[in-house]
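In the two assemblies presented below, chain A is common to both, partnered first by chain B and then by chain C.
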Partner chain A sequence: MRTLRIIGRHLLIILITALVGGLLGATLVRLAPGFGIQESDLNAQLSTEARRALHQDDAGERNVISYYGHYLGSLIHGDLGYSRSMERPVSELFRDRLPETVESVAIGVAGGWLLGLALAIPASWKRAPVYSAGATLISGVVLCIPSAVLALIFLVVGSPGKLAIALVVFPKVFRFSRNLLVKTYTMPHVLTARARGLSSARIFGWHVLPNIAAPMLALAGVTVSIAFAAAIPVEVVCDSPGLGQLAWKAALSRDVPLLVNLTLVIAIVTVAANSFSELLSPAATRDVI
Partner chain B sequence: MKASGHRVIGSSGEVNVSRFPIVIVLVAVGLLCSCSKKTQPTSELHVTIKTDPKTLNPLMAEEDASDRIRYLTGGVLIRVNRKEQENQGELAESWNVDEGGRRITFNLRPGVKFSDGSDFSADDVVATVKAALDPSLHSPKGDPLRAGGKADVRALDRNSVVIKFEHPIAGIERLFDEIAISPAHMAGKADSSVVLGPFSVAEQRAGEYVLLKRNPYYWKKDSAGHQLPYLDAIRMYVLSNRDTELIRFRQGDIHLIDALPPDLYEQLHSEDPGAARDLGPSVESEQFWFNEVAKAPLPPYKKAWFRSRNFRRAISTAINRADLARVAFRGHATPSVGLVSPANKFWFDRNLKSIPYDTGAALDLLKQDGFTKTGATLKDRNGNPVTFSLITNAGNKPRERMGSLIQQDLQQIGITVNFVPLDFPSIAERIMKTYDYDACMLGLTNVDLDPNGQVNVWMSSADLHQWNPAQKTPETLWEEQIDKYLRAQASTLDRKQRKADFDKVQEIAADEDPMLYLVDKNALVAVSPKVKNADPVVLTPQTYWNAEYLSLEK
Partner chain C sequence: MSRTRWIATSVLIAVFVLALFASAFAPAPYAKQFRNDTDHPPSRQFPLGTDELGRDRLSRLLYGMRISLLLAPAAALISTALAALIGGAGAYIGGTWDRATSMLIDLFLSLPWLFLLLTLRALLPLDIPAVTSVVVTFALLGILGWAASARIVAASVRSIRTSEFLLQARAAGCKPFRLLLRHVLPNVKPILLAQFWISVPLFILTEANLGMLGLGVTEPLPSWGNLLRELENYTALRHSPWLWVPLLSLVMVVSLFQFALEAEERA
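For the complex of A and B:
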């Protein structure tokens, strides 16, 4: 019962955050300079009447509150609206582009964790100062490079840009997990296990992993948010047809329906990922205790 | 203690922990390899479009991507030959314009079929032209035709069509270069899948590509009697990042690039001089104008400056256009002389003289209006220091470089320019809605070679008459004169007379300088050595205007 209440509370937080985020997104676009302007406005080939016709749909977006109310009403019926800048229903754009972003985020998260753990585990075991300093330096350097620049580097060397997301995620995983592992390996019960001559795999699986599971799960949620945020510049630089690129184009063209939906998606993913971590963390911790 | 413990475990062979990262790296490499590209058949040409097409309906094509697809797929009655810049018959074997430009009769090519094998007839032309003229469709392609008022479109027989307008339209033939004929039952709602052009749309993946496949029933043959087009397909990748486009060109994945930015052209030229081609001045120019709108929220003294012919001409004379071309465009631009580029072979006024760079002459002109240069500052007759902001769109490197150069040039005559790059919607709002700006620098593309394509800019009543739009009556004598000559050229079929009238427009514009034309950008393209029969031109689409004749080396 208590668990259900906690889940319900988290779902309510996700819902409220998404709704407020959507409204803020719509308001910001409405107030942004250049709202209601289209590139065709400067097309000398079009007559005044043709240009006016292209603006017929703008009127409904001028009053943000009324637009948002109407939008939520349509959303209940599964209608996400129509993108003016792309001339397509938003649901179609999402259907086409969501798989690309999911793949990018999945590769980014998986790659970041693989790389982060690959460097963190030996660093915590070996305690070799040169190795540790080298790994820290690499993660520090990568941490300092903006995700767009990382994407550009991958582009120049002809590798898939989505791997840049893995490099964005990696320093966070490395630093957090290395510190956690070092700390865990110095805990009394781990030292006792070592003294008893248990194999390192057994020590890791039975004594270290249960201790680090909870904070690592929390980090997992955060890395999904980080990867999702990094997908926007990476997709823009690499011309990947995902939601990140769509968000960039929507912002440049002040496309309210598209941006409101994207804000909702980003808010839901971010809050849900964090809530997921929070929900799982106490259970894991209890098991360890 | 722990380090030694680790070594013992490692050497005992229980678990070799040092191999664990290697396994992970191998997994990562596997992931990378899984993202490798698919191979394509060799007779598939690869080009790029900057955005997804907004529509595949050829009558609704308005932006560049849709229009390029329309060009490659649409069969038209008359084609404006992109090289010769003259009209040539396509689906119409011949045509005749009479009744003072109010009536045009087409004699259609017999035996032509659509890409699905169905027959083409006059009914398809009638239905398509009627759809283009339908006011409720708001077709950008039909828009110029609607200027002729009510139209009667009829098929005289299976192979001839007559269109009679209420009012004459000068140069009406060229407008049919934009009207792609669709099957009668699809007119107005066609999707370029059943076409009369060399290619039809076969597949579209949003954000990735549009695939055009060869039209097996295309009517055109080469001089040896071989069926055209030679290519099996054209894949148009959606790539907005110009660096990515060039990288993929170098990798051999893209075969042709239009309108290369000067920096990328230079990069490519240094690596592969044969692939990078500078075709000389294009029809795209860069210009800047002062805000002359009476209701603009500017101080009255600034409005007085901007409305002064001497002030505008002085600024024009103080700008070193040769430097703009040399520095901002790395030498791949030509100083402008007027509103029409020399690339527009027929309509360019060859009597116009280039604008000399002369700071002394600029100061003399300013003196006539009471400006004085005190020290390093120019002041007007009321002691106001001459300073203004110049806005442009952010992210356009040559334009940003031009802004800096103009700042330096005008500093020489004591004028301070605050150069402000903004994003495009912000600029458009300022120049079209709030009029809250001093001066603006942008580039306008004159894709329509005919003077009627300029009417929406140069008529004083036009919305795009940027320096002072939508005037109820012309506010100056010279604008009234321009209106008069523009109307005159539009009301006669005599091409020589039209040219004479439009020359007058060009001369008045050059004399009054409401729009300071800076440079005509050169057409810079990249052509892969694999592409045969490539003959790039300055008009769009520069590298594949003759797509039906292109082929790829195997």
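For the complex of A and C:
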């Protein structure tokens, strides 16, 4: 019963966040000074009447509340609207492009975690200064390169550009987990276990891992958001037909319905990932002291 | 001050000075076109060569650094001020306000702010002047990037609010405004300063990403973001290694910020 209540609370948070996030996105779009300005305004071949007719389409979207109310009504019926720039229903665009982004984000998150942990665990375990400094240097350099450039570097060396998302995620995982591990290894119960002569693997599995599980799970949710943000420049540079590239194209062509839907969907996914990792945290944590 | 931090800070100051006085150090104005020397390789006249429009790359790099290095701190100031105002004030007042601001912070942290940023930046008027595009780009970075700092500031204010010295000051009859000014703010100042310095390289990198997407600072004004766009022609990179210089300078400056901050953390 308690578990159901917690799940229900998280579902409610996801719903509220998504609704408020979508409304915020719609509002911000309308507050922007360039709202209503279209590429057609610069087209000298169009007559004044033609431009006026194109602008009349925007008139219904001027009022945020009425636009958002209408949008939610359509959403209940599974209608996400129509993309002017792509000349296709938004739901169709999502169906086509979501798998590409999900794949990139999954590869990015998994790769970033593998790389981050592969460097962080030995760095805190062995306490070798050279190894630790080397790993810190690698993560520091990667952290200083924009994700779009990382994708370009992968393309230059002939590797899949989407691997760049893993490099964006990796420094966050490495730094967070290394600091956490170093701190945990100095805790009294770990020192006692060491003094008793327990093996390094046993100390790690029984005394360190349960202590760091909850914050690491919280980080897992955050890395999903980081990977989604990195997907925009990476997909644009690599010309991958995903949601990141779609957002960029929509932004360049001022496609309001598409942008609001994209913001909403990504908000739902990131909040769901955060809630999921938060739900798992108590189960993963074991009181070891 | 530790040695690492001292070196990092000194080099950063030197870079700031170089960028600030770009007009004195740059061989040519950033928009001047040498039409007979387009795509010129490095030479004595053009140390980093010229771009496809015949503009001196070194001059554009120096002016671009000036824009990024002056406006990223301005954006960081906006985001830190918002973090202090929203996170700090909510935690100081406490109760419903604290819960409401915490929810707002969580909401902003969950939102895909790069998507929002992309949207807002793209919805600026098409004929926006280059200088306005610079100011708006960095202002948006500051306005949308406050949430992570706000969470840290709020946590710090919460711990101060329940601290012994504040309870004693309250018991001695200190008024809430005086408590804020004399006891809370001085104790939060180091946190705010750290958040400010952490935000600066973050905003430089975000502008670089936006610039590479064509949504950052508009031409002819140079910025690190739009200078990096030359890297997109990656077949030319093999024959023109000097095209990597803007990226190397960006990595160097952001690394210097990291070294300065890490040394501060260790201290």
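FYI, the second predicted complex is superposed on the first by the 237 of 289 C-alpha atoms of A that agree within 3 Å, B and C clash if a C-alpha of one lies under 4 Å from a C-alpha of the other, contacts with A are read in each partner's own complex, and residues count from 1 in each chain.
Following the convention adopted for this analysis, contacts are C-beta pairs under 8 Å (C-beta built on N, C-alpha and C of every residue); 3 or more make two chains touch, one makes a residue touch a chain.
Computed from a predicted structure; not experimentally measured.
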item	value
Partner chain in contact with A:237 - chain B first, chain C second, else both or neither	both
Chain B versus chain C as contact partner of A:172, first or second or both or neither	neither
Which of chain B and chain C A:121 touches, first, second, both or neither	first
Partner chain in contact with A:148 - chain B first, chain C second, else both or neither	second
Touched partner set for A:262, first chain B, second chain C, both or neither	second
Chain B versus chain C as contact partner of A:252, first or second or both or neither	both
Contacts of A:162 with chain B and chain C, given as first, second, both or neither	first
Which superposed partner A:140 touches (first chain B, second chain C, both, neither)	second
Which of chain B and chain C A:271 touches, first, second, both or neither	second
Between chain B and chain C, more extensive residue contact with chain A	B
Chain B and chain C footprints on chain A, overlapping residues	32-35, 37, 39, 41-42, 152, 155-156, 236-237, 252, 254
Residue numbers on chain A that touch chain B, as the complex places them	32-37, 39-51, 53-54, 86-88, 92-93, 96-97, 100, 107, 110-111, 114-115, 117-119, 121-122, 125-128, 152, 155-156, 158-160, 162-163, 166, 185, 194, 199-201, 236-242, 245-246, 249, 252-254
Chain B to chain A touching residues, read off their complex	2-3, 5-6, 9, 14-15, 17-18, 20-21, 24-25, 27-28, 31-32, 35, 51-52, 54-55, 62-63, 138, 140, 143-144, 146-147, 205-208, 238-241, 243-244, 247, 251, 422-429, 432-433, 442, 444, 446-448, 453-454, 456-457, 462-464
Chain A to chain C touching residues, read off their complex	17, 20-21, 24-25, 28-29, 32-35, 37, 39, 41-42, 140-141, 143-149, 152, 155-156, 225, 228-229, 232-233, 236-237, 247-248, 251-252, 254, 259, 262-263, 266-267, 270-271, 274
Partner chain A, residues of chain C touching it in the complex	106-107, 109-116, 118-128, 201, 205, 208-209, 212-215, 228, 231-232, 234, 237, 247, 250-251, 254-255, 258
